[in-house]
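Next, two complexes with chain A in common: one pairs it with chain B, the other with chain C.
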Partner chain A sequence: MNYMCKNIDELRAMLDRKAVTSDLLFQEAIERAKQYQEAYNAFVTIIEEKKEQDATSILSGIPYALKDNISTKGILTTSSSNILKNYMPIYNATVYQKLESAGAVLMGKTVLDELAMGGTGTTGHTGIVKNPWDSSRQIGGSSAGSAAAVALGIVPFAIGSDTGDSIRKPAAFGGIVGYKPTYGRISRYGLFAFASSLDHVGCFARNVKDVAYVINIIKGEDPYDMTSLPDDNKNYVDTLENEIKERKLFYIKEAFENYETSEDLEFKETINQFFKTVEKVKELGFIVEEVSFPKELLSAIYPTYMAISCAEATSNNANLTGIPFGVRGEGNSIHDVMMDARTKGFSELIKRRFVLGSYILQKENQEKLFHNARRVRRMIVDKMNELFEHYDGMLMPASGGIAPIFGEKTDQLSDRYLILENHLAIANFGGFPSITIPSGFVNDMPIAVNLTGRQFEDDVVLNMAYKIEEITDCKDQIAKGGK
Partner chain B sequence: MPTKEQLKEYAGKLMFDMKEEEYDTLQKEFDVILKQMEFIEKIEGIEKVKPMTFPIEIGHAHFRKDEQKNTLATNDALKNAAMVEQNQVRVPKVVEE
Partner chain C sequence: MYIPTIGLEIHCELKTNTKNFSSASNTYSDIPNSNLATVDLGFPGILPVINENGVKQSLKMALAMHCEIPEYMTFERKNYFYPDLPKGYQITQFHHPVGINGYVMIHVNGEDKKILIHDTHLEEDTASLDHYGDYSLIDYNRAGVPLLETVTEPCMHSAEEAIAFLEALRSIFLYCGTSEARTDRGQMRCDVNVSLSTTENCLGTKVEIKNVNSFNNVKDAIVSEIKRQTEILENGGVVLQETRRYDENQMCTHLMRSKEDAIDYKFFTDPNLPPILLEKKWLEEIKAEIPSLQYERITMYMLEYGLSRYDATILVKEKEMAEYFEETIKEGADAKAASNWLTSVILGHMNKYEIPITKLFLTPKMLVELIELVSSDKISSKQAKEVLYQSLEEEKSPVTLVKELGIEQIGGNEEILAVVKEVFAENREAKAQYQAGRTNIVDFLVGQVMKKTRGKANPATTRKLVQEEIVKGE
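And now, the complex of A and B:
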């Protein structure tokens, strides 16, 4: 029996009527994880022994996976970096603690791009993560293993983190749902910080209702995280069926300029399908309109993200010295020991990003690069908030195409790259709730739409996403590799 | 465009080193990144905008109550250190003779 391909409602019903036990589900989850490990490499750690629990909740007894940058007491947590390859946390992250208290069963820690800095799933210290729809392609990152584990039907849900698009992009490439809530909605205590002003905890599942179940459990204020929000005391599952007629959505005109004449057929087909989805969304009762967004702001999303995230990352990762924890370096002085630990412990890509962060923070560059990036951030967020005065959400393709083939070159100065491959970071700039929903296929690979809403309106975004999911025919899908 | 020497200096400030060929790759990367950064500079009226730090404006600071709480136990704090002596993390001698 293939239980792990079922959704949370189905698993809950089977557990409650004792048609299956939690032990059996756990067993199946780790067997499937091992079966697919060599081909896709979703896990850093597969947990062999099930921890007994006696809590009762919608998630009790159901296995799930956590990204390996989330602290789990007594369970190896590496952040997929050599410098932390031996790190055994001595405290639990709040998100893990909440899932433990709800009786959900952790079955593994998933591979990420090293220290969550990357979008390809190729930089983790235990190897690359492959796409379960086509192993010659990326699943995307940084929450690569969590996305693969859900797409493969190893677990019904997994936890990730999202600083620029690290949940919502791999969800799109994996044909599953990925959600990043309002900034502060979920505590980040125990999440290894990458860029604190952009970092969010969120989750993957194979349908919107399952996402709502999980977020209900893990949201709420946390005295250990000063940026966490007071709980909105809303049950996101209860509002999924709310009426959406007259809800207004927009898409950005400048993102699709000249797509009809493009020679890139995958790109063209992805956008054609997006517009077909828009028509179906209108048939549901939504009003969807095209709006104009200043092109110079759209082109500045990626450099703004890079400037802010790399600058914050250099500071956040200064604690990785190999002395109080992590892999100890060699040398005759503290300086040499730290230099050796960091030189050997970080991969080349991480070092390049740190040097960029350092460059941006040099006194002579701060005003031009760092502060100006923070100014652009405000301009983009202000423009979004202006649009949100008239619209309930922004509907866009999650990417301009399908998952890239490993080694594929991209023109990083093209409009398509700068806008369509990076607009998801807008939701991190403004802390807006944002969800990716699979919407169809191009060349047998999944494509997706992304819906981003107003700050604090997680219930509205999930409600609208739930309705849009109805017309996609992609609900509860399992990747080809997991069948 | 930063020189290779400058890049080495920045890496040194961050307490790591890179291989020569990695600095070459980094210089090529800077070429693209600085072109992307130009998109930021081109934005009109940018100088009048207040830089944004956090997505949610925090009107007041939250202070914890001044209550004594359990702190990390010594044995927990030392669990991940590679070298420990007399309940402390051991490092190379700091004071030179």
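And now, the complex of A and C:
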């Protein structure tokens, strides 16, 4: 019996009527994890022994996976970096604590791009994560392992983190749902910081309702995180069925210029399908309109994101010196010891970002690079808020194509890359709730739409996503590799 | 002649229950690494949570230093690598500190002077490192302790002024109860900037001396640095902008790093700490908690009570002493008399036995009673001194002691006059002898009165009455 391909409602019902035990679910989860580990490499750690739970909640007894940049007391947490390959945390992240208290069963820690920096799933210290639909392709990142584990039917849900698109992009490439709520809705305490002003905790599942179940459990104000929001005291599952007629959505005109004449057939087909989805969404009762968004701002998303995230990352990761924890370096002076640990502990990509971030923060560059990036961020958010005065959400393709083949080159200065592959970061800039929903297939690979809503309106975004999910025919899908 | 200009940066640990951004206890401990929380060690994923009381204490200080308080304050990160800094950055304030543009009054060489405060900001202390031969040990107890850094303008021109300012600042901490400000525990540390110039209103090249840990060392460091720079300039040299450290054994400064090696701390606002709005109402409440400070009290004691600056300064050295003094005045004591007893016998007793004034048996009320016994001629001031000593030693009130010892003088004229008359009646030849030129008979008669009253008659009154009586005719 394949239980792990079921959704939370089904598992809950079976557990409650004792058709299955939590032990059995856990066993199946770790067996499947091991079965697919060699082919897809989703896990850094597979937990061998089930921790007994006595809580009762919708999630009690149900196995799940955590991204390996979330602090778990006594369980190895590496952030997929060599500098932390032996790091054993002494405290629990709030999100893990909440899942523990709800009785959910942790079965493994998943691979990420090193320190959550990167969007390919190829830079973790334990190797690359492959796409469960086609192992010659990327699953995307940085929450690569969590996306793969859910797509493979190893767990019904997994926790990830999202700084630019790190949940919502791999969800799109994996044919599953990925959600990042409003900034502050879920505590960041215990999430290894990448760029604190952009970092979010969120989750993957195979349908919107499961996402709502999980977010209900893990959201809430946290005295350990001063940026966490006061409780909204809402049950996101209860409002999923709310009426969406007359809800207004927009998509950005500038993202689709010249796609019809593009020679990239996958791109063309992805956009064609997006517009077909838009039509179906309209049939549901949504009003969908095209709006214009200043192209200079759209083209500035990527450099803005890089400037802010690298700057914050440089400082956030300055704790990784190998002195109080982590792999200790060698040398004759304190500075040599730290330098050795950092030289050996980080990959080239990480070092490049740290150098960049350090350069951006230098006294003589800060105004021009860092503060200007913050200003552009503010302008983009202001423009979005202006649009949100008239619209309930932005509907866009999550990506301009399907999961890239390993080694495939992208032109990072093209409009398609700058806009379609980076617009998801807008939700991080403004702390907007944002969800990726699978919407179909191109060349047998999943594609997805992304829905981003107003700050604080997590309930509305989930409600609209739940309705859109009805017309996609991609609910509860398991990747080919997991069947 | 060169004009030295001095600016100070003073770090002082604030008194709070917990650290500035974690729940670890903020208490001094000799056991290394016993006061720490996960947050203090900079583990991945930790987040700072601001200590409200730390903010309050720092605001109290900013207000006591007459600073402008911003509408909201922010926290910035100061980034540098050193093992005493577990996060790789120190949380401090850069853009919107707790206070700017304040001042502190000092009195040096007979003159009042306003020391300008550039800013005062709240930050966290670092861990402490102990270096041994080929290894070092880290104690994180201090890491994260709230620290208030106060930066003066370069406006002092002598070591005396600098020390007077440090003493004044220290007293503000103590009066406000915001810090124990103990230099021996490293709770108060100082960076000293010294420059020399030939003309006023023009600053020379600044040299910074880092981490000077006692007021004496600050004084010596300034003196030696002025001497060093003077020698350079007199020999036609140029003073380089650099950071030095003070060597207390050799009593001179050594180069740490030159301007070229100055660290770029890459300050930026900490995204984990939202701006904190400082509401007017809260500021008013905090302001109301600030007691009258040393400088104001000295001025008041001199103007209102006619005390000397010397005595006033002794009385305000500790807030508790000043409060004791003011309490005796409230109870009706003569200010000068109270001041005299406090600064002599009582302070001597406190120093001898190391008792704080709050633990003294003698209450302000008792002191007032003693002063009244003297002013009403019930006892002599010489007796009062004895009684006070005894009162402090035996923990008995002066009134009780005077009764027990039976030394209360007969102060009233009537009473003494009756005895005087009695003595004259018994010595009828006395007046004649006096007129015959035997003036020392007065001493004899006074002695007789004292004998009859068993010493209780006030000697001065007695002598006066005897003198009056003896010149009277029969």
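Here, the second predicted complex is superposed on the first by the 483 of 483 C-alpha atoms of A that agree within 3 Å, B and C clash if a C-alpha of one lies under 4 Å from a C-alpha of the other, contacts with A are read in each partner's own complex, and residues count from 1 in each chain.
By our rule, a residue touches a chain if its C-beta (ideal position, glycine included) is under 8 Å from a C-beta of that chain, and two chains touch if they have at least 3 such contacts.
All figures in this text were calculated on a predicted structure; none of them were measured in a lab.
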First, second, both or neither for A:I334, with chain B first and chain C second: both
Partner chain(s) touched by A:S57 [first = chain B, second = chain C, both, neither]: neither
Touching partner for A:L191 - first (chain B), second (chain C), both, neither: second
Touched partner set for A:Q366, first chain B, second chain C, both or neither: second
Most chain A residues touched (candidates chain B, chain C): B
Contacts of A:S79 with chain B and chain C, given as first, second, both or neither: second
Partner chain(s) touched by A:S299 [first = chain B, second = chain C, both, neither]: first
Contacts of A:A311 with chain B and chain C, given as first, second, both or neither: second
Which of chain B and chain C A:P324 touches, first, second, both or neither: both
Chain B versus chain C as contact partner of A:I70, first or second or both or neither: second
Those residues of chain A which chain B touches in one complex and chain C touches in the other: 87, 90, 197, 223, 226-227, 314, 321, 323-325, 334-335, 338, 358, 362
Residue ranges of chain A in contact with chain C within the complex: 69-71, 77, 79, 84, 87, 89-91, 93, 188-193, 195-197, 223-227, 311-312, 314-315, 317-321, 323-325, 334-335, 338, 358, 361-363, 366, 370
In the complex, chain A residues that touch chain B: 86-88, 90, 183-184, 197-198, 223, 226-227, 229, 296-297, 299-300, 302-304, 306-307, 314, 321-328, 331-339, 342-343, 346, 348, 351-352, 354-356, 358-359, 362, 368-369, 371-379, 381, 412-413, 418, 428-432, 455
Touching residues on chain C, where the partner in the complex is chain A: 38, 41-50, 77, 79, 81-83, 86-89, 136, 138, 264, 266, 268, 270-274
Complex interface listing, chain B residues touching chain A: 2, 7, 10-11, 13-18, 22, 25-26, 29-30, 32-33, 35-37, 39-44, 46-47, 49-56, 58, 62, 64, 72, 76-77, 79-83, 89, 91-92, 94
